[in-house]
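Take this structure first; my questions come after.
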Amino acid sequence: MSTADGGRFGRLQNLDEGTRRVGAGSAVTIVATVAAFLLFPAATIYPLLGFLAVVAYGWWRYQEATAKVVMALMTASTVVILGLITLYLLWQSVPVLRQMGIGLLTHVGATMWSPNDGVFSLVPMMWGTFLTTIIAMCVAGPLGIAGALFTSEMAPRWAREIIKPAIEVLAGIPSIVYGFLGFVIVNDYMMRELSLPIYGSLFGAGVVIGLMALPTIVSVAEDALAAVPDEMKDGSVALGATSWQTITAVTLPSAFSGVSAAIILGVGRALGETMAVTVMLAHTQTLPDPLYDVFGPNGQETLTSLIASQYGIASGDHMSALFAAGVVLFITVLTLSIGSQLVEARMREKLGGGA
Amino acid sequence: ISTSKTPPGSGGSDGASSSNADGTRPSPLTAGGSSTVYPIANRAVQYWRSNAPASNTKYWGPSQYGIDTEQALADYWAGLYGFENGDGGSAPFDASVTLSHSGTGLEKLRNGQVDIGNSSAPVAAELSDASESALAKFTNHVVGVDAQPIVVSEEIYEAGVTSITAATLKSIYEGEIDDWQQVPDYEGPSKSIQAIGRAEGSGTDTAFRKNLFGDANAPIPGVDLRKGENQQVKTVVSSSSNAIAYMALAFVDDSVPATTLIFNGKTFTPGKNLADPDYPLSRDLHMYTYEGTTKKEAALLRMIISDYGQQRFVTESGYAALTDDRRRNQLSKLPDTQ
Amino acid sequence: MSDSSTTETAEDEQPTTTTTTAGETVEEVQDEWIEYDFDGPAKFSATDLNVWYGDDHALHDITIDIPENSVTALIGPSGCGKSTFLRCLNRMNDRIKAARVEGSVELDGEEIYQEGVDLVELRKRVGQVFQSPNPFPKSIRDNIAYGPRKHGDINTGLLARLLGGDDREREEELVERCLRGAALWEEVSDRLDDNALGLSGGQQQRLCIARALAVDPEVILMDEPASALDPIATSKIEDLVEDLAEEYTVVIVTHNMQQAARISDQTAVFLTGGHLVEYGDTDQIFENPQSQRVEDYITGKFG
Amino acid sequence: MSDSSTTETAEDEQPTTTTTTAGETVEEVQDEWIEYDFDGPAKFSATDLNVWYGDDHALHDITIDIPENSVTALIGPSGCGKSTFLRCLNRMNDRIKAARVEGSVELDGEEIYQEGVDLVELRKRVGQVFQSPNPFPKSIRDNIAYGPRKHGDINTGLLARLLGGDDREREEELVERCLRGAALWEEVSDRLDDNALGLSGGQQQRLCIARALAVDPEVILMDEPASALDPIATSKIEDLVEDLAEEYTVVIVTHNMQQAARISDQTAVFLTGGHLVEYGDTDQIFENPQSQRVEDYITGKFG
Amino acid sequence: MNTDASRNDLVKRGNSTLGVAAVLLAAGALLGALLGALALFEAFAVTDAVAGLSIARWFGVLLAGLGVALLGVGATSRAGLVRSEPDRTAGPVAGVAFSLVGLVIGGLLASQTLGFGTLWPIGALIVGAVALLLTVYPRGDLGATLPSGLLSLFTGIVVATGVIAPGWSWSPIPGSFTLPGDIAVPLLAIVVGFLVAWMAARAYGGFGTQGKQASAYLLVSASAAGMLALLVVLVSYIVVRGWAPMTEGVKWGLFWANWTYFYVPPIHRYVVIDGPVLWFHWPFVMNGHALLNDVNGIMPAIVGTVWLVLGAIVFAVPLGVGAAVFLTEYAGQSRFTQLVEVSTNGLWSTPSIVYGLFGWAFLVPRLGNGFSILSGQLVLGFMLLPLVIITSREALTSVPNAYRDASAALGVGKWETIKSVVLPAAMPGVTTGIILGIGRIAGETAPILLVAAGSPFPSDAPNVLTSFQLSATPPFVTNDALLQATSALPYQLYAVITAGVNKNAGLAWGTALVLLLVVLSFYAIGIASRIYFRKRLEA
């Protein structure tokens, strides 16, 4: 054949010097760029040009290595950005922790939130968040799983093919739209029909959040149910079990991790929902009385609505306390997310052998 | 195909978005803050941006106000400070106003994020922890006067609560009264009181506490619900059957009837004598500038404080205009025109 | 589903004519195997069975009697419809949306493709073991007891105990009997509460057989039960199948000719397109096939 | 999934010999096949090749010479390490994280397991075709030209044209030559720009062979290239393999004994546990295997 | 093992008396629940009279009737008058459900009616226990019908006799809600209706496993249908309200207008070429908010959203995809990748307000010290980044290894393989993920509110395109417009809420509709493309 013999019987050995050269060159220049930006901003252009030159030369000469280096840098900057956000949040919440100590998360008293008096306790907001989330999940959990079961196991094929994408699209409705509807319709309805003492309630907000999280839960849980292998279901049906028995005894347990991930995702969305609660709630930083009163005038603030309603007038410890609220939210969702990943890993381990 | 001396479309209005040929159109003027001052500021900015020609008597018509000019609206006011006419009929520089509440506006002003901070309470009350020297950097421009009305839900008004005494009002906001039946004149079934407050940091809230309780930081534990802006308060009061609220005069209408307020035996009736200087809940509306007043800021402020502005923006918004004395006094704080 | 339609059938059978080779071979051979006679009653009788997947005609006019208490092997190249035929016998094809079945299948003389057939009951009587082992992600015990519990034959748990009908002992006994029946008892008797997914592939497959036995079926259908297993596990399954034939009717699909030869009493050969080309005593089919194509297939000339 | 651990093997296979059966048998047979002599140079020489996956010892001391320009078949039951051995020959095992290789493999006398070996170069010389056809989701032409383009042997596209070095014609020629080499040209010459995924399974597999040819390799490794194909496609591939042996060295793994017998010049038999038990002339292996276990395997007693 | 004699029949030729009765019962119960829901949503007033009786009382009659019928069905089955195959017990699920109902009823009776005071838990426990026993102890048919029938009969009587009726009200917590009769009655109809329908479906299946299946299917399908209906109603509500304001003043037509022109020096004139143009004016999406406008619109918000989203994409997509490629193809599975995975997953679910807070405190002071499009773009980009990484990694890992192996076996290096095989194959997945992510960030309000939002009713959009300028110092390219505040669709809606809904209701509904259309079309495109690519992969 026509290829040159040199190529054909070329040496098998070939040292990979590209990575080293490009790696060293770009590392030096990028560090210099950052240093220059921090120290002598006016001189940033030179190391930056150097970096671009190294990359350009590398691209031409050792594309393989350069691509790897550039992507490694992208990864690094991503990690740096995400780390920066995390650290900044933590760092900003230090002052209020110094001032309030653990009381920030535990203090209960007549005044629990008063920027003027320097009292910052997140307890009412955490409680409010907890209550709205519970209500939301009472709405979205059962309905969501029912919807997922229906779509994946019961609906005829044609219906499934319409419902599934429709639900996914609905998951995209922005939360401010729900907030708007909640403000002008739900609040109004509850005020009128249930003679609520004030315009807005944790219950109404919770229900609206639940509706908002519903499509997400349906869609994710449905994916999990649909991913249960047909062989597993057939195994049960072939033993003479009914479809419903198959669903409860085989499909749901096998999809447990996915379904619970859906619920956790729903909880995450409910916890983090901001606009609907901000426009619907009364912003009273107290505890409900009694604690489970989700209709009354007290306790109508969540962590998110606190931030959204007070960031504009906050400074000093007040601002720091808002950051602390952010940190509480962040840590909660992180815990949930890690928890759901662990559940998933455990289930994968458990189911790993078969299927 | 035809021929012409000029390119098509030239001289027509290309919209306000185009910039000067040399690209030196001054950066926009930004104002923000108080929802009480917002109607005034927003009106002013809307008019400014429309830059109506002198012939437009509906919006401008300078001769009606004793101004002798052929220039369009914004061209004239900006021209007083040497700004050149905008391109394509737009204002010499752009202006915009954002909406939140006084605290945010002053905070942003201090951080340099806006040029003008709108506030419906004095900066000293609003930023009560700020030092003298810090406060000195704010220049106060009073643009109008608000008489804060007390409004109640229609049902309450119809149930007899057409007037309310200062003492009752205080007890409601202090949390001592929480049922309408405890309010004199009320003739209806037992009904809990929904006492609505404005967000802490809003001028309306600050002024209310300062004027009624004598201290801008006085605790008012009776508040059941806080909303960020006057407009939201209005929505809540009109949608509720048991609400009472303090807010800005500009937002009063039939859906949120204002009650008569009896203070020290004197009766203040909305639509009649709320504008009296001795109305306890009356307050000045401010547009603050920071570290002096630039020409751009001055151009807009001069328009608002002028007789034209007072009539078109302040009075039409539902507030009381400044007296001539105060007007002159305020104008004197602005840099001189060219 | 049950109306055995005629138009398409008529078109396809082309009885005596000689044009299409496939038709010819089928006809020829059918004359032969249709005479295959066995002692005792037929467990299944399929008559003119046709299956379509959408427009894809996957089984053509299958007529076959399957004798009781014996092992019947279905062999043939990939895609010839073995699995499809097998799934007709317990109506698992009903679960495939695209599948359409015409013709008749009788179980002990009773038509299973008629209205009012209780599928749960049918599948209790006709168990199935699948190609790759598919135990439930539960304990070994729960896997075995799954069927009887679902059918209410065995009641365990708190509620049952409170109501006085705890069948714990019967369950123990059942689990042991089935596991012994599937030649698995020795290996797992000390870890009945371990997760079944921890078993090896061969053990899992025997567990699936045990699970099927627990429902006390009359027939066990097996679709390439050993294809995912290693040789040792395979030979265990093969021994087991031979044992099962004493009590049950076994119908087994396999790709592996040697396997079919080793374990089955009679063999049915399907060829591409969904035709049943030959059916008879296993020895006879393997030693003296009637048709050239079957011989080619068996000797490995293709497939 | 079926990690046939060594203990079970020993326990279960129990041939005629007494103590460590497996080791002994291997030893016995190695004495025999090591004397297998062929004319011409060895393309590959593997010496004491061992492969571990983690702790799993998948290949044991494989020593084998593979002659040039011929077809060598690797047969053996599932999991015996055929694929593993094949992947040692072009170091595709390097891509499996768990795999560890010890021992030596020489290609034309040059050790491929030494430091500094350019894998890209090695794999250019030793091409591979996989079990299931895996064309790229690109046009047929792009699939064929993929290797040469990436190696810079062929430059097309806008930039190349601007630089004046458009190899469009050479590419056309190459594509045609390779497709002819893989016996696919007739079928696809009129739709070279269609997506390769639109081809049938057999065509896809031949396309993969053509794609491998385009890099102009010396050796082509094939891992059960026909197992996913229907009989007709299989026979086309088999014909092709025999043709290829004229120009290339072909090493082919197959499950199908008949296939090995039909197409290969020499056959290596691996048995469970990763032992090479017999190696020699195909005819001789199939007609007169030296070891009982190989004979059992070949006659279908197991596997 | 069972003897053949004990075999059930293969073919059931049903005795359908029970079936028909059960279907009627279930239909009646569901109708009751549906009417209850309609009454709850104020489709009609329960105080209206029909045939001399108020609707509220008719609800009671219906429930009582259902209860009697259900009890009758249970009794005939128990007595063996109809063929059924009841289980030993109605099962633990029904037991739990009815004991909960019992607990509630017992608790309410004890505390509200009998005035037990703090001893009400005793009453609750007693009734709950009785309900539990009634459900699980008797045979399956009785257990299913007895508690539900009694419940239905009891509520029916309470409602029909007007004990609970419009005018009745209940406020358990002082200073909190008051449950009026005209809400309580529909609520009872819904709850009891569902319970009765549930048990009636069991009767339909003969009270055995089939019955449980039928009843579960009924419940699940009804909930799913309710959920879907609710979501559909929600969207249609916005469409109906928003359509008129959104389309107000739309005009179009064919006009004769200028196409192009050029200056011809010799004749010192412009040559003007005119032609027909299709002229289309849609004020709601083409206008801003200005004094002289006939119809005020939301063009600045639309343009603002476009710039915000574009910026986020430009920032996050290359970074995210690059990082995903590195993590999947080069880094392998290590502690580091696991850490990145955990943190990206965590950050993806981090509430947007937290990003907003970060932007407000960190970015805004550093980027021109003012609300700006740039800050908004960056914050939205930060939010998008984790998603891009997650979806890209998913897409990359789902590229079959066969492609990589095939390429490697052809002697092609890693980067070349990634570039020409892996990335193209992963592209559908990556794009789909990104589109869905864009849909989400396009609807975000909180971060925009905190870092980018300007005037609530702007008249113009920032002029980003023409404002780019080069400079010699970092950042080398400047764009004043990027440093201006902007509006955006979700913020526009929020602005209406804060600036008073009453005055701007039309604007609000119109904005909500446009926002919905924009975001949902992103989702629709993303999902359609996913379906398309999946289909193509399967084919």
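Remarks
Just so it is clear, A, B, C, D and E label the chains in written order, and each chain counts residues from 1 on its own.
The rule is simple: a contact is a pair of C-beta atoms (placed from the backbone, for glycine too) under 8 Å apart; a residue touches a chain by one contact, two chains touch by 3 or more.
Just so it is clear, the structure is predicted and the values come from calculations on it, not from any experiment.
The minimal number of chain-to-chain contact steps leading from chain A to chain E is 1.
The greatest centre-to-centre distance from chain D, using averaged C-alpha positions, is reached by B.
Of all chain pairs, the one linked by the largest number of contacting C-beta pairs is A-E.
Most remote from chain C, judged by the distance between CA-atom centroids, is B.
Centre-to-centre separation between chain D and chain E, using Cα means, comes to 53 Å. Chain geometry summary: the mean Cα position of chain C and that of chain D are 37 Å apart.
Between the CA-based centres of chain B and chain E the separation comes to 39 Å, rounded to the whole angstrom. The geometric centre of chain A is 48 Å away from that of chain D, both derived from CA atoms.
Shared contact sites, meaning residues of chain B that touch two or more other chains, fall at 100, 192, 228, 232, 235.
Annotation for chain E: residues touching 2 or more other chains are 175, 209-210, 413, 416, 497, 501. Shared interface positions of chain C, i.e. residues touching 2 or more other chains, are given as 120-122, 150-151. By the touch criterion given at the top, residues 171, 173, 175-180, 182-183, 209-210, 212-213, 216-217, 219-221, 223-224, 226-228, 230-231, 234-235, 237-238, 318-320, 322-323, 325-327, 330-331, 340, 342-358, 360-362, 382, 385-386, 389, 413-416, 418-419, 436, 439-440, 442-446, 449-450, 472-474, 476, 490, 493-494, 496-497, 501, 508, 512, 515-516, 519-520, 522-524, 527-528, 531 of chain E touch chain A in their complex. On chain A, the positions that touch chain C within their shared complex are 157, 229, 231-232, 234-242, 245, 249-250, 253-254, 350-355. By the touch criterion stated above, chain E contacts chain C in their complex at residues 1-2, 7-14, 87-89, 91-92, 95, 136-137, 208-210. Considering their complex, residues 1-9, 15-17, 19, 27-28, 30, 35, 38, 42, 45-47, 49-50, 52, 59, 94, 96-100, 111-114, 178, 192, 228-229, 231-232, 234-235, 238, 251, 255 of chain B touch chain E. Chain E contributes residues 175, 258, 261, 263-264, 267-274, 289-292, 364-365, 369-371, 453-461, 463, 466, 480, 484-485, 495, 497-503 to its touches with chain B in the complex.
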